[in-house]
């Protein structure tokens, strides 16, 4: 049981890394909290759902389309909203409210367009049955989602550390002011990061029907809470730190389910608060953020 | 007359009177009660956000603690409502004390940690393991003390107290010290202001107000589930109203509640099919085009907003 | 008279309601070295930021080789040959090589590589520790990195905000030496300073007092005018 | 400065008054004469966590009202004629606070004749004291919370679901008799910790622990209702080696549980979950016939095809639903039926009430108890208003996806089968 | 030097990461005395003030104020003990009025004895006409004066002055120097960090010249400017004249 919870936690945690990854990138680059992240993820789920049921595209082939589509959606959205927000006095706080409004709009539109029933993509699409790892059986969908999540982390790593734009992105993350002083077009860099953030949310959404059982327009807010826990435990503003946050979250959650299941949803919040109080900068962070 | 008293007389008293008289003309008392509730909550939030700069995203945690403080006092101690209400306020303060270490955090970190803390309180109260004490997920029924008129009246008393408190904060020495700390904690300390203690006091005042609001809510509504008392939208509404009215003023949050909550209900009643959509768009528009609140429309023109 | 490289006229700017610049203007000719002297709070940093487009001008105009650039974003100005070294000057969370790459972001890769080779030759300390985080460098080394970063894009005009801040005199001397070396190859300089040592470099001097330009002229004229003493030492010599 | 402040305040006041003016409806017609329409007040949740159970109720209630109106209205005994119905339904967004205000709005401003609350216990709860305070009789479609019903509150009746303490009666009887006889003695209970399934779990637990019970509970744990992955839990349950696993949760929980079960090596001898028989369409679409094969569940009207004495049969309702709302993202299932039943009860109430006073409405509703036979069975109220008819037998899915009743014997169409372990 | 020093500093050390901002600084200061702190940028002058005022905790060394150890007192306690300061970049309470800025300090930072006469204090610093204005609407020179007013409102026994003179014109400088001297005559101890040597000369009794966190000279300013190491370190060249 322990081994199963550990192994399952690692695999499950990889998926939660993917859920938090885009949110953390957006926070890192723009210092804004995208409270509509979970709802963008929900839209990704519905996109995958319709691509499967109407165009017979399997989630694995739909994923690249969704990634590109959401990226392209992110660019105009950034320019419409974020520069205006960033110019206000307390942008970090106002972003909570702004994206709460965005969340309301997305959820309302989704409820009107998609209806309220639970939906999913048949499990057989990713293959039914268990995958055996070290004598433990895990759902095949978990393993595939985890692999996709790891691929996304790798891709983001390559982008940030091995491309010119990625370097400029990290410069903006390090210091927005100094980046401007160095002649970096911070809005272009941020818009792309925002697009990537949405693309990652969309990608996580593709696998939600398999990882979370079913999807509804209302699923976004629950996902946001998990995503917060993951990125704070990792390190707020450090996208790659999300991996650690995801793993801690996944293993912690499944351990709780094993030994104290009724209290399982207490764990992410507890972790979040403990990490913030003991190491305010997150498990990997260097910067200390105290008042 | 001190400015605090003057502001209270000119702004606070008319608001309280208005809501004391409105039930004579308008029967949806619950709507009025919710207005009063948000008038209380926004000023409570104002006490901590407006005067210290901490944005308590999980403010509903204190509200829920108050609601359950009231319920537990009634169910287990058979306390009369007014005593239960005091215990509700106490529950808010105790939770505030427990969460005091969060004040070490800043910005988004504080907001998120506070949200997580509110979730935790909810998850503990709603857990079936504590069903014997809190009734867990099965909800509480306080039919024995149900008294909508009396609870409405008491809510007005709390509102008057809270408006007076914020008027005092705005002009009183302690409130000025809080604003000084918000502007610059270092020079505030150098001016001899005990920064940490000031923050904690503002935090606990704010928790007390939310606890009282939760208590009177529990009394008024009498049958509810943990989901009702810890509904995150209570936090968000209070924040949105405060922000758009204009934090750190007395009238800002009042205007925010009257206008935005008014609009919310108008939309909900007149165009229910697009309720959420319109309200979401309204919020986005306000953040983008009026980020410093209604009060800024006046103060930008050099008019001092009480 | 040849067109000025950079020209600013009647600039006003500030923060919130507080106006810091009250109609400041200055010129930098191609290849010229200009020092902007002034005490703390005189508005030097604000003026430089407006020149770079990091802060909006409330009034006045800025032109580059006769072309008005007042409303250009900063990246466009950097592309056109301006470089700015702020008081911080580096990204402490990034490595030395990465800092330099950001400085040279607009150069084609081959040219950037050549340029970096040149810079590493001038700054051997940096060459030895290319992969190290800028945050691990000492104050003086950071300043060197800041200069190298600003120069990586081979700018025509380098605008510097208090390069002497936090530096020991030994390092100040080194900084001046390096700047002189690049100036000799045609780099124009605009340096905001309190440290009069930088007057060694100056071909022309402006003083900024209370958001306005008080004196402009050569170093010799400055000494004769006693303006230096007024601006910097406060009491007449 | 004072002027500015006053102007701001007056503006705010004006806004409020406009708010109230818009919110106030035009006063109702004169007393005595037959009204031009009968107003039915209702709440639904178009978004949020309760939308998926609320929208089907709303859809079929609306459908029923439309049908009545197409026939010239509902017959109202009090005026001895058909009167058109008007459904006023607000969206509470799954927000209890908003639901409370809107219920009050229906009572005090819209002055509706009949009051129907939203679905689900959380949204029903806020309506109960308000209806009671205003002495409005509350038609409660699916809010099953045991706390709503007390002898001193005459203002509520549960229409379309059995009260949650009674609901699982056939289940525990089945476990203690036929299931035990088949060797399904070791019972694992996994429930979502909400009012609905938590109460069912307690009732089952108590019944299985009674003296002389052949069953043994080997696993009994609650999980948060938000749980969306059951892989590890299934592994943990398997470790206790149960004969039958009861998973009691909402639709989303059941879908996740059954999907995870398919993905794993553990095949339990028998599995019971709530929703395959309640929202069969949703479960079939999300889990598939293969995943449901062998699963025990409650059998509702969907599986029983009872002959109603009033209203449509399940198939007629399904056809009408698909015609009206097909493809709209709301699935036909038990909650859709509940909306229809709510309409039927309202119609019969109007047809039997001596006046539209709330007391007469209540009397009419309770007068229906034991007499009204709809597609969900016999409508039967306890004196506190809790529904105790309309019981849900136990069924099992065959490999073809067909649901057969296995308990109690008077309804049974098949014998329960055990999966090969 | 007075027989009983008010402030005694011994071997003060402050590190930032690997950088030693203060590397064993020692001095003492008596009532009514004005000590100048001079040195190039980054030599540790402001750090010294920050440590004494309690903004930074020192990594080593000893501080005694009026005979008692100072360490462990939070900033607001030090303010109440009678230590106050100004800031290099002014730090007003931006959203409060000038008068409120000063009143708060007079109330909270006050040690003992009669409260400061605020109208008189504001008038003495030419802030009386600005009293109802919000501090954020002041220019930076006025904000510096406000810093000083706020510090004086606490009736400090020791005042730490960080670059007060920058941005003042010669007439204002002269008045400021006279003000500081008057404060010292009233028994206040002053520690003055300043770039403007001329100003410093008119105010201080003696100076400490710092470089790289250490003292390199202590004594008369006129002696300091002739001291070869000081000239090399601080002035660097002969331009200063």
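For the reader, a short list of remarks on this structure follows.
Residue numbering begins at 1 within each chain, and the chains themselves are lettered A, B, C, D and E in the order written.
Going forward, a contact is a pair of C-beta atoms (placed from the backbone, for glycine too) under 8 Å apart; a residue touches a chain by one contact, two chains touch by 3 or more.
Not measured: the values here are computed from a predicted model.
If you take chain A and chain C together, no chain is in touch with both.
With steps allowed only between chains in touch, the distance from chain D over to chain E comes to 2. If you average the CA atoms of chain C and of chain D, the two centres end up 72 Å from each other.
In terms of their C-alpha centroids, the spacing between chain A and chain D amounts to 34 Å. Computed centre separation for the pair chain A/chain B is 31 angstrom, with centres defined by C-alpha atoms. Multi-chain contact residues of chain A (touching two or more other chains) are listed as 107-108, 111-112, 262, 265.
Residues of chain D found to touch two or more other chains are 46-47, 193, 222, 224. The set of chain C residues that touch two or more partner chains is empty.
Per the contact rule defined earlier, chains pair up in contact as A-B, A-C, A-D, B-D, B-E, C-E. Contact residues of chain A toward chain D in the complex are 1, 4-5, 8-9, 12, 107-108, 111-120, 122-124, 128-130, 137-142, 210-214, 216-218, 222, 254, 257-258, 261-262, 264-265. Of all residues in chain D, those touching chain B in their complex are 1, 4-5, 8-9, 11-13, 15-16, 18-20, 22-24, 46-47, 89-91, 93, 95-98, 100-105, 108-109, 121-122, 125-126, 128-130, 133, 145-148, 150, 152-153, 193-195, 198-199, 222, 224-225. Put simply, chain B touches chain A in their complex at residues 54-55, 57, 101-113, 115-117, 119-120, 123-124, 127-129, 185, 232, 236, 239-240, 243, 274-277, 279-284, 287-288, 291-292.
Residues of chain A that touch chain B in their complex: 27, 31, 33, 81, 84-85, 88-89, 92-94, 96-98, 100-109, 111-112, 221, 225, 228-229, 232, 236, 262-263, 265-266, 268-270, 272-273, 276-277, 280, 289-291.
Residue ranges of chain D in contact with chain A, taken from their complex: 46-49, 51-52, 54-55, 94, 193, 221-224, 226-229, 231-233, 235-236, 239, 251-253, 255-257, 259-260, 262-265, 282, 285-286, 288, 291, 328-331.
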